[in-house]
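The chains carry the letters A, B, C, D and E, assigned in the order they are written, with residues numbered from 1 in each.
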Amino acid sequence: MQDKMIARAKELLRDGAVNRVLGWKTGEFVYDITPAVFTSAEELDRDFVFDAFTAANLSKYLVKESKKEGKVLAFLKPCDSYSFQQLIKEHRVDRENVYIVGIPCEGKVDIEALKARGISGITAIEETADAVTVKTVYDEDITVAKQDVLFERCVNCKSKKVVICDEMLGENGEIVDSDRFDAVAKLEAMTPDERFAFWQNELSRCIRCNACRNVCPACTCEKCVFDNVNSGVEHKVAANSFEESLFHIIRAYHVAGRCTDCGECSRVCPQHIPLHLLNRKFIKDMNELYGEYQAGADTETRPPLVNFSMDDCEPSIVYQRGGNA
Amino acid sequence: MENKANLKEQILTASGVNPLKCMRCGKCSATCPSYDEMEYHPHQFVYMVEKGNIEPLLQSESLYTCLTCFACVERCPRNVQPAKLVEAVRLAVIREQGANHLKPQDIPALLDPDLPQQAIVSAFRKYAK
Amino acid sequence: MQRIGVFVCWCGSNIAATVDVQRVAEELKKEPGVVFSADYQYMCSESGQNLIKDAIKEHALTGVVICSCSPRMHENTFRKAAASVGLNPYMVEIANIREQCSWIHKDKATGTEKAIILGRAAIAKVHLNAPLIAGESPVTKRALVIGGGIAGIQTALDIAEAGFEVDIVEKSPTIGGKMAQLDKTFPTLDCSACILTPKMVEAAQQEKIKIYSYSEIDEVKGFVGNFSVKIRRKARYVKEDICTGCGLCTEKCPQKKVPNEFNMGMDNRRAIYIPFAQAVPKVATIDPNYCTMLKTGKCGVCSKICGVKAIDYTQQDEIVEAKYGAIVVATGFNPISPAKFDEFAYSQSPDVVTSLEYERLMNAAGPTNGTLLRPSDGKHPHTIVFVQCVGSRCDGAEKGKPYCSKVCCMYTAKHAMLTREKYPDTDVYVFYIDVRTPGKNFDEFYRRAVEEYNVHYIKGMVGKVVPENGKLKVQAADLLSNEQLHIDADMVVLATAVEPDPSARSLATKLTASMDTNDFFTEAHPKLRPVESPTAGVFLSGMCQGPKDIPETVSQASAAAAKVIGLLVKDKLVGNPCVAHSDELLCNGCSSCEKVCPYGAITYSDKEFRMPDRTTALRRVAAVNPAVCQGCGACTVACPSGAMDLFGFSNNQIMAEVDAICK
Amino acid sequence: MQVENKEFKPLIVAFCCNWCSYAGADLAGTNRLNYPADVKIIRVPCSCRVNPMFILRAFQRGADGVIICGCHPGDCHYTTGNYYARRRMTALFSMLDYLGIEKGRTRVEWVSAAEGQRFAETMNSFVSTIISLGENKRLEDLRCKTK
Amino acid sequence: MVFSYYPGCTLKTKAKDLDKYARASAEALGVTLEELPDWQCCGGVYPIAKDEIATKLSSVRALNRSKELGRDLITVCSACHNVIKQVNHDMQTDENIVAKVANYMKLDAPYRGETNVIHYLEMLRDKVGFDTIREKAVNPLKGKKIAAYYGCLLLRPSSVMAFDDPENPTIMEDLITALGAEPVRYSMRNECCGAYTTLEKKEIAQKKSNAVLASAEANGAEMVITACPLCLYNLKKNATEHDVPVKYFTEVLAEALGIA
């Protein structure tokens, strides 16, 4: 796939259809991937990478890139395409300045999962439909079942369909039946005390590095409320271990109805806080109470929180549902 | 009294009908093809069940003359679905031990060489449990 | 830092009995920024107000907190007092220590403590108050009435009488609406045309009224006092100012097979037509769907025959743009199609008709010249069955309309009565669920139908109509005698439900006026503001707001006119300064705010910004029109970036109150 | 009826819309219908003005309960404001519950300008709920509380 | 086009013609009907009561089998169609029934109404198309005045059956037109024939059937067609005052297609 992508990128660059390419390149380690902009065939040949580690969602970069001179080529995975379409819906990107090549995705590998299996010193990764093989500095090839080392968001993939693109490289997939709400349901089934303990344990680890916010494709505000002295919730570090939850509640609320559930927040969290479980709670609630809604699936449907129906349930429904009292 | 309330409750649950939706227009009875064969008519079923006055319905032949043609269900402006109530009352009768309206031994006398067995099966479903 | 004065009112003993007012004044004096604090028996009295005014002057106060009764009582009083000595009225905040404190707490210590906290919250808020100046906007002294039925005509006439210009936009070639199609009106049985047509003529002749017939609304921009409207004058292919309405063309046109909508399609008109004899304007119109000349380029009979050369086959739609101070919606209604209720066999027999069709069959200008004849064979019917509530009072959208259409009971009584009067040999049955006749002389009218005219009113519904051998076999229930009736009728008349005109939905969008689930326009308040829409400057007249008979429609039409006149006499409108505003530097351009705004007060535009790195960038940002915004604040919460805020109730002000209370 | 409890005096913030609930609170006062002084009312133009951040802020600063009152659905002075508020608060409350915050600490009630009695009853019932839940420890920021 | 096919008991005995011509016509129209293995009697009438479970199982078995085969399910008898379609609707909308049925039948995955239940007439209209039928009607029934009799079960309750306009259906008239004949519209075509009352209250069935045929004849019908064996029986045997011939719609279809 990587070769096909490079070839296609070169073609588009050569034809002048685009003047730069948004993709991924390897950092210090093979699994240390960063998004990057390429402007020449040489750069592409040298640095462009696409493999089981290229998990980063590129859509957010297009907010800035699409405002620049000339057209940019962006490779979008299914997840990224939802985010991108949501950004179009919010008028955050200039669609005509972006040439999108959709690429299928069979899930991305979580380096932490590999490490947890005692695999280290990785120098290369290869994947098949259901397995990945890594080469290590110890000169051994280790093959593991893909399912065991994927990111949680990929195990519970919601869609393999690229929802917006100018062309598809490879075959487009379908929306899939996902068990992504099972973990939320499990939490809901706990007692409030257990839930409180769970979240206190998780959120107290937050070091307020803002990685979740900075990676989130829904967090593209010109100025974040947490950086704005006039918002009343401006940046502050935690005094109480649980106080950080307010940051996360407010953040989750701010992206509610706009979050496409791309899972980047949890992927980048250095403290491994399952932040996506907050966003998914909102998505699950709104699906159940106001009808199915997938942010980024189209550009027309009104998001549930800027919509209503006269016979909506009352907030007291919360007393009856979701979790033990 | 308690039994009466229970019976009403049972009939409402089994039928899924809310008789309070009825606005008493009588269109069910206006449309009923079996009207003349019935002692109690569809609109009366609705009203009597609502009032808990179910005993006369249990005794009535009307239960077995409803054709289940769904015309009352289709044409009711209020979505009351009287046929479902009739069915629920009928079940309340024939589900009792020995209360079957149609018994297997009655069948041979009723047969006719051209009669499709669909008629027998249907009648059994309607008249016996 | 503000210089704040605190004024604690005793309200006689109303406050002072359960709140230690002196202590409240003393405690609040200690709050930062408070430079003056006093208590007084009656702050709202003239001497109380003087105390406030003097303190403002003497201590150069920049903010005032009054601890007193509810702001709903005296906020305006105190604001005016402050303004009279030069302090911006929006620098005054009220702490409600009467209704929400002294009157509900018996224990003085409790009351005092709470009063102090409420005072602190008000002080915290005043610290963040900023002077607000209400915007003013000029008023265009001209009104637009959309719809030229009796509602629109009456509204326009009343407005014009008061001396203001009014334009009527009517989508069909003539004004007059549904009332023009009616034969008689209940309960007096006046001839509908006889009372309507003089009004139509009056509207045409009134200098202040301009009628745009055969025209539609394309676009509405602006806000109360300053609407800008694009009106599409559809091509009628006849020069309206030249045509004399002689009607010669409508007799000579060779295309004779056009269903005549004025007679509900029960007879035909020509492709060039004048809807009816008293049409206003009395001008011919060519129907482009049927005109052979327009369709094939061959014919031209009307053009040849026209003595004044009024025909113009090349005419195009024309867009007129005009400014208005107020808009009245009078789009009226239509009877629903009974096709969904084919148990009544409407689509199976021409002798099953709707009430409006029956109206035309009874009318002297109708397809049968007023002789009641069956559409199928032109024979006189002897048995007529009227069915009430067809499509009204239904459960669920697929069944029909959930509401009572209100006028059917009365017009059916009218039809039954008139039929019996003209043709005493007919048997007339009316099947009803309830007979609803509230209204002056209404029930008396219905009783006359029963008692004097022997109309058979039967409590029950018709279940099935079977056309067979030239008869309509009607199967119905008579609930009172508990029998199923089988009537061999010659005609069946269906009292079909009314529904808002289908054009209303798109018009509502253009006006940002809200509608209920049945597509009736909603009023600003169901009881107290029944002729205003929640959108400022948009008023409602007639059936577009809900089912109504003619007297009610005319009353509402005049009421709407009175409201319009009240608006147009003003030279300027003073707005509410507590409106939303968007910080362009923070705005993402996401449109969330626009979606939740019930007034369409928010617009987006691309603006050029200088970025921190000295480049310029085009960004899409929201702007609030303060003249349209009503200050609800829905947008402030929908805004993810915090760019949207509300003057008078800003995020910071409310948070400051929260903080003060939670100290 | 006033709820008496010497041990624990809860702190309760009530956001009331100007047109219905604030007027309803005034009517409760005019009719001298008692409810605990623990309830402090903040006037907002409409229930749709209530930002979830205000509610979180109140809890953070030590409030034990927050109640939002608005016009009955369908009666909003601004036509649709309370419909949006209803969704926003449902979503927020459900999230708070999900985080293990006691469900009873937040409530939405629709109170019209004519319902003084209902306002007082609502506040009495809310205060007794909060008293039974006790002090809000889970969502307050110790740094900010001076009690 | 391959579909699962549910014939129903009567089609194996008294209504063999309905079945025979349905299969033959399908074949001529390029449609393969695979008879569902081990189907059971649908019960003849839909068990209306919400607490009836066992009486719905035979329908669910057929539906679930068809789901496993991954095919739409074709019915031809009106009664079977009504029962199976209504049960399928229950399975789509009533979680309680779904759960109970899954327990009863020890299903691996609960059946939630995934199978499409299509009446043979709907297949002709929506899958084959009346235009195709018109082309393939080698033996058009020119000049024949045929009245369609729908009865109750195909149409009602329309919210579930979604077959056609319940008060003014056109599907059979359109078929008749496609076959080259002239459809006769009459109002009694959606009124009940008397159904199972023929068993013990024959006078009801006679009254109803006579009324139907009176209406059809009054409007000039020379033949009546139907999709239901019991309707056919009632109209033939119980409409004592009328002798207009009554046939299954599949018979005239086959005739026009040149098979019969």
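In this section, a residue touches a chain if its C-beta (ideal position, glycine included) is under 8 Å from a C-beta of that chain, and two chains touch if they have at least 3 such contacts.
As the structure is a computational prediction, the values presented were derived from the model and not from experiment.
Chains that touch both chain B and chain C are the following: E. The interface holding more C-beta pairs in contact, when C-E is weighed against A-D, is A-D. Chain B and chain D have centres, each the mean of its CA atoms, that are 51 Å apart.
Taking the mean of the C-alpha atoms as each chain's centre, chain C and chain D sit 34 Å apart. Inter-chain centre distance (chain A to chain C, centres taken as mean C-alpha positions): 46 Å.
Among the residues of chain D, those in touch with two or more other chains are 52-53, 57, 80, 84, 88. Multi-chain contact residues, meaning those touching two or more other chains, occur in chain E at positions 167, 191.
Multi-chain contact residues, meaning those touching two or more other chains, occur in chain B at positions 71.
The full set of touching chain pairs reads A-C, A-D, B-C, B-E, C-D, C-E. Of all residues in chain A, those touching chain D in their complex are 184, 187-188, 192-200, 231-233, 239-240, 242-243, 245-246, 249-250, 252-253, 256, 278, 281-282, 285-286, 289-290, 304-310, 312-319, 321-323, 325. Here chain B touches chain E in the complex through residues 13-16, 33-34, 37, 64-65, 67-71, 73-74, 81, 83-84, 87-88, 91, 102, 106, 110, 112, 114-126, going by the rule given at the top. By the touch criterion given at the top, residues 159, 165, 167-168, 185-188, 191, 214-215, 218-219 of chain E touch chain C in their complex.
Residues of chain D that touch chain C in their complex: 11, 13, 22-23, 25-30, 32-35, 37, 40-46, 48-54, 57-58, 61-63, 77-81, 84, 88, 120, 146.
Listed in rising order, the residues of chain E touching chain B in the complex are 8-10, 13-15, 41, 43-45, 47-52, 55, 77, 79, 152, 155-158, 166-167, 191-192, 194-201, 204, 208, 229-230, 232-233, 236-237.
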